[in-house]
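To start, the structure under review is shown below, and the notes come after it.
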Amino acid sequence: MGVKKGNSLAVNIGGIRMKNPVMTASGTFGYGAEYSRLIDINKLGAIVTKTITIKPRQGNPVPRLVETPSGIINSIGLQNVGIEVFLREKLPFLRKLKTRVIVSIAGNRMEDYVKLAGILDGEKIDGIELNISCPNVKGGIKSAGRTGAGLFAQDAGISSELVSRVRRATVLPLIVKLSPNVTDISGIAAGVEAAGADAIALVNTFRAMVINVDNRRPVIAGGTGGLSGPAIRPLAVRLVWETVKAVKVPVIGIGGIMNTNDALEFIIAGAGAVSVGTGIFVDPQIPLKIIRGLKEYLSENRLTGIGEIKGALKI
Amino acid sequence: MGVKKGNSLAVNIGGIRMKNPVMTASGTFGYGAEYSRLIDINKLGAIVTKTITIKPRQGNPVPRLVETPSGIINSIGLQNVGIEVFLREKLPFLRKLKTRVIVSIAGNRMEDYVKLAGILDGEKIDGIELNISCPNVKGGIKSAGRTGAGLFAQDAGISSELVSRVRRATVLPLIVKLSPNVTDISGIAAGVEAAGADAIALVNTFRAMVINVDNRRPVIAGGTGGLSGPAIRPLAVRLVWETVKAVKVPVIGIGGIMNTNDALEFIIAGAGAVSVGTGIFVDPQIPLKIIRGLKEYLSENRLTGIGEIKGALKI
Amino acid sequence: MKQIKAKVISNREIKPSYFKMAMNVAGLEEEVKAGQFINIRVTECSGVLLRKPLSIYRYCRKSGSLEVLYRTVGRGTEALSRKRRGEELDIIAPLGNGYELPAGPEPVVLVGGGTGAASLYFLAETLAGAGFSDVRALIGARDKENIICEKDFLKTGCKVRIATDDGSRGFRGVITELFRSIVPGMKPSTAVYTCGPKPMLSSVAGISKKFKLRCQVSLEEYMACGVGACMSCVVKTKKQSGSGGKQFVYRRVCKDGPVFDGPEVIWE
Amino acid sequence: MKQIKAKVISNREIKPSYFKMAMNVAGLEEEVKAGQFINIRVTECSGVLLRKPLSIYRYCRKSGSLEVLYRTVGRGTEALSRKRRGEELDIIAPLGNGYELPAGPEPVVLVGGGTGAASLYFLAETLAGAGFSDVRALIGARDKENIICEKDFLKTGCKVRIATDDGSRGFRGVITELFRSIVPGMKPSTAVYTCGPKPMLSSVAGISKKFKLRCQVSLEEYMACGVGACMSCVVKTKKQSGSGGKQFVYRRVCKDGPVFDGPEVIWE
């Protein structure tokens, strides 16, 4: 299939210029190096690192993972090396890559995010993703001094407050990753946009539970975990579509993307870029296959740029 | 596998005494008759009818259905014969059955529910299920004179108000079917309990979208539809578990139940009964297989009644 | 209607991506009519969840053998194509109303597009058995590689005409054009049966109406239950007397159909 | 580590629910060590999503043939068991660290439970090739029907002892009891390798420690990526010097293992 000259996959996601709109989702691509022998990382639009916290985190007890119909549930609990080791041992490898590097960060309290953003502000990275939606760690709303035990991203007011505080700590492009575990995504999305987010990523995982009926315990050691994979794709596409209608900043579509068709669904729904998460485990080639597939789709449909189909949904 | 004498599957769901806890979910079992040549309906714990409205409804344009990974999305739009034809033509068949008959009702406005409950109050049925959570019809919060375009079941206050109004219209056991498309199920569940619900059923479907990338239109004619099937089971189990912690009335677990193991997950999470929906399409024998399977589980585990494992989750 | 385990007798690719599968349905104990279909569970893997509806292409009550003819278009039909002799399939059969045979010895025209030829072949066989001697089959496809059932029709004694979009066999053009070209010569009592893609059905129904021929169309719609319970598979039909003020009535392809009288259907 | 398409050479049931599958991995171009594993995509159907990790049971660099030995326990392994000669599998191989061979010509004891025998057999073959002459294999299973690889071990020149829980073959009782009974006679330089269910590994590691034998254990954990990226497959290990105030360190079975020194692991 010949690719027409001038076809362009380049996108600008809140100030991050990527050569194509295909990214890897936080937590599924480690710190990049792990997959470097299996795929040519330089071809990716961007890498989002595993979420980094101030101190190293041990993460949750095992089992941390279970397969479900067309999905998986994980509860890693943000096991990561901490910002110090990350900067010293992981970032140098990432910097050498010819792809955009986005560092995902999280904390138990708002101050943690602010501090991490401040530390990263001086580093040669392309953007920061605020993971305010991980269902597998404590903290969140309660830690913000409010009632309720939800995630930051389950409360519009708290999400906005967090984003505006982080906004003051860095000039780097700021992506805010939202939770799908909400009644109304559009209010939350509009709130973080107003607070200064340059882009919105969604979805993070859906809180889920599997029970072992023999020992009558949850299979995931922590009780619940987060569901990802093809099972959630139709939910994620709907959420992205609703979010796109509510904000002007670019939206990164995530959730069960396994091939070009899936990526196109998100883009047509309005996503400016897409991230592959669980799909990486199934076939590490998926992001590169999607990049090729998108090029072909553009040629076949005589389009000159991916922007032409972004949000092209007829409804 | 010999079944020990005295094993009992009998349950009491908000005043509805069922010989076993296995039901069919609204909208997937028609008005009962459709499946009568394929399975012995009399063996079921209860049947929940297709949701009935005051006037007959045409339902939504086609396509109304699409398959997704381990799930289906539907947007039937409550096509039904209306309460009059239901009482005249469908109920007589149902009354002859040796199973409990629960009539699901819905309307665009609160008054519709009240009126329907009033009409059904005089009929020989075993209970009413309030479908305040169908994602495929208009009405809901807006029709209650509030702002927002959600379902009744996405607003705790409106849900409670609706239930307390219906409560005054009937002495029949009242099951309230909730939506999983919410940030916090426990508040809504507690609210409808306080308003007089005798039982809570969940989940209804998750709002979802699939896009045809060739014509760039949603596959479902109405744009979005509701996701059901095994894909959502881990989400439904989690929601039932959270709900059970928030209320004292029985909870009916629904979502992707395909076999005995799945049913047991819900029961161990705390459900008093379970409903099979999408599973019926895949294999109409599933409810009966589950009834046999539950009996075997009781024997194998030397339990005398299903109540012994209800909510037995160790966490 | 019965849910039974049917053992695969054979399952072979008759031409690229077209398969014929025979299975033993000895337990069926029921009359089977041309135009009816079966609903097959193709895999235990939840990635393909729903049963797949396929028209009955052949049925022999004596041997208990039932055949389907299908094209692999997606996950479900591909899974089906990997089934081998001896494997058991969970099927629900027979489903739907089936074609209504003509009352007298009228001439009959069958218009089949794509895999639509499968159910029409079963009808041709039934008609031959019932003594209908003037049966013409028009089979259409994109190109000659996609023409199916030609020999089958010939064996029943039909006169067969072929149409291909690219002209690689028979009439060059769409089958509806071929149909339109022969209709003027038909007797007014001619019965028309058609099965295939919706635009073709609509066009055949329209032409038949114009020439006052009775036309039965066999529709396809996305199905979940296959037994009339879920309301997924509806088609807009003209309101019957007594259906109130509505402009149309949605009827179920699986239960009220798949065969409808052409004029009943509202084509959109 | 490489992702390649491997053609199935053979896949047969060696005893009820145990399968041996050979595949062509000619493209691998890499050394393969006993104790390493491969990660197989068993189906395109999303109902079984993750790759399935299986130990390398045999590898012949010259012919490019790699074998696994597996038991069908769920959807994934069942799908694998239906693969036939000529089908292509998407595999990532080789993964993990593998067993470290003893430095000198020490006696070696292999303790395998269930399918754990597979990777130990590959080790036995390697040891035989490297000139180790005193290798003893203890194989344990529920009953004699579940004993695997006995002949394989014998062919490498091992001394083989069997233990079955029900006493239907060899020693009656758990394999760890058999191990405990022979350890007192072993030289202190003996190297112990063990693979199988976690309680068995823990026990073998404990006994080895008591008798001051070096013991390597091969662990299993639920895996998603298999390459060290996702942190799903961790095991609690003793903190190394320099890992701060933590009581333990989670290490990745897929990347830092699956083989660990017995004393490293915190058994819970």
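Chains: A, B, C and D, in written order; residue numbering restarts at 1 for each.
Methods note: a contact is a pair of C-beta atoms (placed from the backbone, for glycine too) under 8 Å apart; a residue touches a chain by one contact, two chains touch by 3 or more.
Remember, predicted model here, so these are calculated numbers, not experimental data.
Asker: In this assembly, which chains make contact with subunit B and also with subunit C?
Answerer: A, D
Asker: Determine, using the mean of C-alpha atoms as each chain's centre, which chain is farthest from subunit B.
Answerer: D
Asker: Go ahead and note the Å separation of the Cα centroids belonging to subunit C and subunit D.
Answerer: Each chain reduced to its C-alpha mean, subunit C and subunit D end up 54 Å apart.
Asker: Need the CA-centroid distance for the pair subunit B / subunit D, whole Å please.
Answerer: It comes to 47 Å between the two C-alpha centres.
Asker: Quick one: report the Å distance separating subunit A from subunit B, using the average Cα coordinate of each chain.
Answerer: About 34 Å separates the centre of subunit A from that of subunit B.
Asker: Using CA atom averages as chain centres, what separation in Å is found between subunit A and subunit D?
Answerer: So the centroids are 36 Å from each other.
Asker: Where in subunit A do residues touch two or more other chains at once?
Answerer: Answer for subunit A, listing residues that touch two or more other chains: 69-71, 229-231.
Asker: What are the residue numbers in subunit D that touch two or more other chains?
Answerer: 46-48
Asker: For this assembly, give the contact graph shape among line, ring, star, complete and other.
Answerer: Shape = complete; every chain linked to every other.
Asker: Report the residues of subunit D in contact with subunit C in the complex, numbered from low to high.
Answerer: It is residues 43, 45-48, 75, 79 of subunit D that touch subunit C.
Asker: What residues on subunit D touch subunit B, complex-wise?
Answerer: Result: residues 46-47 of subunit D touch subunit B.
Asker: Would you mind writing out the residues of subunit A in touch with subunit C in their complex?
Answerer: 69-70
Asker: Report the residues of subunit B in contact with subunit C in the complex, numbered from low to high.
Answerer: So the residues of subunit B in touch with subunit C come to 27-30, 34-35, 37-38, 50, 56, 58-59, 62-67, 69-72, 74, 76, 79, 229-231, 258, 278, 280-285.
Asker: Flag every residue of subunit A that touches subunit B in the complex, lowest number first.
Answerer: Going through subunit A, the ones touching subunit B are 68-71, 73, 148, 150, 154, 181-184, 206-211, 213, 215-218, 223-224, 227, 229-235, 237-238, 241, 256, 261, 264-265, 268-269, 297, 309, 312-315.
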